[in-house]
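As written, the chain order gives the labels A, B, C and D, with residue 1 at the start of each chain.
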């Protein structure tokens, strides 16, 4: 519950206009990927406009702002910031003026080796105003553009020098360009709605705007939309591989999204089924921690034959402005966020499933809450394996000192959280939760092995 | 999905202080009962303070405001306003100065015959600054106080003249007084946390603040807390009856609340079971419309043996600031609010369960969404009977012209919403969904028969 | 510089509508009379609307709000609150529903003996939601209305029981009623703009809305506007006297206003002339403390023949949000508020005139600022006599412990503020500064003698 | 009244810290130079922090923000934006990371030939995120820094390539660098407060923070503060000349500022004296349009012997949020902004002095206001010559189509504004209004002749 990803992206070309509004709805569907800042940039008659700020999509945009933005093309972004404070300056899309006019850049992911790249640019006289990868990417494109005949060629060349995760949307006055990194870390899909072409981090955003899913972009692929025509540039696909972040299936993505052909909801359900096989237990009810543990709980129930129940209710109103209880009662914060359903758990042996265990604090509080509500036994199952290693590609995993699985054995963790038994999904099972996915996976945070040397 | 109740109330006496903060967390747990305005009034050393405004609990209160409020007693309120605009003046608790000092009044429910009562007061020279029942109640108490020896006696006398629904919390500089109307329309319960005494509309608010449920107030009962002592005044209980709003079970209350001994979640699950018996159908999956249709869907699945599935995902970020799509695409708003899970419904015969059907618009859109996602058949079941009559006691039911069940037969409604079959819970079954409830029910909105002549 | 008055009022009847906007501009012109809260109530087709909040006129009202308010009649109010915090609830106009419908009440002044009156009402069962006199007045009117045939008669009767200062505007769905207390403490004038009738605390508000001044209301007079017709009720004028707050001339009113036939600017200039006669001094330049000391400085210069100069420049941007310097440098706050003009004062003997001396702190800082800028001598003159007594009628004068003139002799004050000489306007001269004023004066804050026993 | 300048700058080195607060007060004193955005950047232990936004100084900064900023060095900026909308992105200081670490840049003025410069940078791969000159300057410094041994040398080299107006403050983690363009267009002065060194656009900001004026920077001079030591770099002074914007004296600067040794107040008074000699008239009173016309009016009165009077009172509350009257009554907006003093003008022949006439609209309205207040004659005098040409160096003068003096003769203008006579200060007199100024002037907006070819 405390692992975050950085960002979601959305782009649309629609000759009928009002692209800001389409993007607004698309960003609403991607809000779960970033809640700290958001923005939309549009093109009207080759003129770039934008509006961005810290806050949720519903806070940042007014109807007036959307009307002003209009647009026959648009790029949108929702941001979660991993490091430091929430700086308004870092809100995206980044909009720049460069040798060939204007560009808007929206980026999801995390580049590796950026310090070297920044330094290299600085040694050529560059100045940086933000700490975002987007600014680095914009520089790379601007410098390549001096040598290239088109913006898409510049994008293609610039991306060659970048290592790491990016699902990128770049907009020039005439072109909308989407690109995925050659390792295929982050999802990026494409859809159609009549004449309109839509790009989004997840398929749920296509559905939200009424667009039909067409396909996922391939690792390394660049797609250019110009005057309604769509072209694919595959130069960077040659040495591409496929390493979709497996945590997208477990936690990040919305359950109604489909990534690389695999329903996210079904993948979670599968994780639950594997957990039931790997860690069977005699119990009376299977419950999930809402929202992200519910799907796996259903899978566990199905596979085990133990009835599925609703044991915990989430308070839908606890958000950014929530004032946490003082020191002595901080542990009770979970009471406000989650309510236990006594009628479900009282006197019963409960299997409780959550998406993962990071620090263990929340799990301990939930176990305690269930016991107070009368649970006879609490058997915890995590639909992710133990976190043992950082992520360099856009997931905000705490350092090892704060990862409970780096410091304790499974039995020790069980004791710490106060459960009667505990099971983490095995790495073996993990690789089988997405059988329909036409891709490979990155599981670096669970294994310490990464597709790129870091 | 468009029926609202007016308000939730919370009260606490705690000699250890910080009652504003306890109330803040209590109101968070009751936020689902009213999202338009909220407020907290406290007593510190017999001095009354208060803070209230339009907005959610998380928007209205800062940590500073809570610190300023402090309190060894507090009354809180969340408000949903049925008529007219959202007027800041109508936010509660109402705080007044009267012949014996100060009072704070928080009210959940709706009085009947208030026009006559207001007029009667006005003919004695009264002025009204709000349109709330709380002001009327405050007047009644103030006028009775001229004749009575204590504030609780004045409350008792004043309530005798009132007809309708009220769960009331009144706070004087020394006493915290909770009262329920003699018809028992609205829930009001009491709990303890060490020395502290807590009142709340629902038990979920007791849990949120770590208080143990003690009991529900009886219809007509008045409970007085003074210097930590608790007394019950039962004078108004004599002619009391019991008519708990049955829609609390179906929609209003939080599923982890227990009302009159009946788990709300179980009542909804029961409704689903009855629906399965009353309207069986050959189908492949049972899904619920989140959040309030999910429990009944589980019950339907259990009873029917058809697998329970997740067919719809709710966007958690769509709130007050959401800008609805323009005229031509308004029907598509449901796409942003709900995402269909293709992997669950494609090629399947789907039973879809919602808590009720009011205008029918949303149901039609959901059916259409499911068909687009590939559902072979869509069989809709409503866990409430058809709405045919207004509510005079605090539920915001549209007028008959806007109630689809007042204008069309079930078969016509089915055709209008585009479902393959349609079933409403029968009145007979309705009365059996809460078998553990030690109370009678008001089902006036489904039958047109009310416990009080209106 | 730290004496405040409570409130300004504005009312307009205009058959051509848009009265909210007219009132908005009128309140802008009266903003100097109260900067903490403001409000406008309007009548459209006998329906009452209102909008009020804490803040300046320019902060509280949007173009949308004004459009919604519209109005063929309107009442407006700007508020300065003397006691306790700034409570939104106390913003005016007060709007009520009573036996005959609705009323809006806006009040400038301060009633005496309100505790008794409140208690009397409370003993009849009244409840009070604010601490404003307006609510008391509304009650009095509502209770009289039970016996009277018209609202204006009720106003007339109600006012008979009130003692103290009030310039009042009351609006019913059909009538606009303006009234002045029988002691004539606070100004209230009337003007015309075509068919429209306008009431305002000061004539500068008439000018702002393009209305021609017609006349001041007489002490005790009530003027009723109904369907464009204007009637005067003079029943309460019989025992009326005339005691205009003389501090209106010295400080409160805007210099371009005319009160009781006397230009405020000229009155201040006269005060300066008298100061020159009473406290002549050999000097090189006469300067005023902006803004309220400038007029008197001109008068002093004229009478003395010493050149008038600009010695201090006021920072126009220091307002409510200004963060005052920390403890050690608080005395330097004056540096940010006022800039000394070295070219004017360097090496010169300076006569510096301010409207009054309350605590002496500011005066000391200004003297010091002028010496730093090179002034050879600083001779201070106050265009008000020493404050020695509180005001019971609407002026926020500190208690005697904080009035420098209650604790020190003139010579001691001179030494404390560091001036070379010091003179306060004599009471004798004070009574002659407004020779054109067709009224008597209240000078209670300078003499301790009040027109009403207090 | 509708000519604006772009920006004011402030910088401070103070080993005792709290530089953000010092800058806050300095910016308050410079607020008249720019009201659209403001910002402060600070250095604490070599770390750069900043806070900036659209709005007034009092709106943008909270006490918390100032405490967070702290600082042993700080740079501040107030901004008026000439072109396009108010973009938050353009708020200053600009803060960047470049090859040698971080820089903050604040700029007052306007560069010429920036299009070429931008293009040159873009052809080396630069990207621009704002439209400010500051970003261009930052690039220039960053690129020079590759070749130079110190940041001050880089600043010195970079400025050699820039043509136009700049008063610049640059802050690196260890150095505070102030610089003035070699043409001396915009003022920039330096002061001391104990160990602290202060730079500001105007001396009034030095006074506000209690700093003693030391000297003006010379055209082309660069001053470096490092560890409390102050060094001057005069390399760019060699070909420097001196062309102080003469409109600083007439309108921009605060009257209590001293520019190049000349009191601004006295310069305005001198302008009035010259007007009296050049355009004498038989009249009864001389009045100024507040605030900027008052000083010249005093000078006219002195020279002519006609009494000085207060004929117009300015409403201090009309600001950004003011809702202007609708189309039909727009001409009456002046009534709300200015009140005429009937007692001063009625029946009199009035000389009315304003700082300049741009479009003529306001002047016409003021003349009309004075006539309504009974003025027998209105003789207008402008203390600036007619505007006939644009400004390329930071003053927002309308295009020629909107300059009344470009389209009409003086006699025609007189008729248009409805005055009885009209006089503009002659160019000859203009050059004599600042006799103490140790500098030359730019009067390009009055003559079309500029110190730099444009």
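Note that a residue touches a chain if its C-beta (ideal position, glycine included) is under 8 Å from a C-beta of that chain, and two chains touch if they have at least 3 such contacts.
What you are looking at is a predicted structure, and each value in this text was computed from that prediction instead of being measured.
Novice: Compare the contact pairs of C-D with each of B-C, A-D or A-B and report the one sharing over half of them by residue number.
Specialist: The pair repeating the interface of C-D is A-B.
Novice: Looking only at C-beta pairs that count as contacts, which pair of chains has more of them, A-B or A-D?
Specialist: Result of the comparison of A-B and A-D: A-B.
Novice: Suppose each chain is reduced to the average of its Cα coordinates; what separation in Å results between chain A and chain B?
Specialist: Going by mean C-alpha positions, chain A sits 35 Å from chain B.
Novice: Express in whole angstrom the distance between the two chain centres, defined as the mean CA positions of chain A and chain D.
Specialist: Chain A and chain D have C-alpha centres separated by 49 Å.
Novice: Could you list the positions in chain D whose residues touch two or more of the other chains?
Specialist: Counting only residues that touch two or more other chains, chain D contributes none.
Novice: Make each chain a node and each touching pair an edge, then name the shape: line, ring, star, complete, other.
Specialist: Topology of the interface graph: a ring, with each chain touching two neighbours.
Novice: Which chain A residues qualify as touching chain D in the complex?
Specialist: 88, 94-99, 103, 118-119, 122-129, 135, 138-139, 142-143, 145-146
Novice: Taking the complex as given, what residues does chain B use to touch chain A?
Specialist: Per the touch definition, chain B meets chain A at residues 21, 24-25, 28-29, 31-32, 56-59, 61-63, 66, 204, 207-210, 254-256, 258, 263, 265-266, 291, 294-295, 298, 302, 307-308, 310, 312-313, 315-323, 325-326, 329, 332, 335-336, 339-344.
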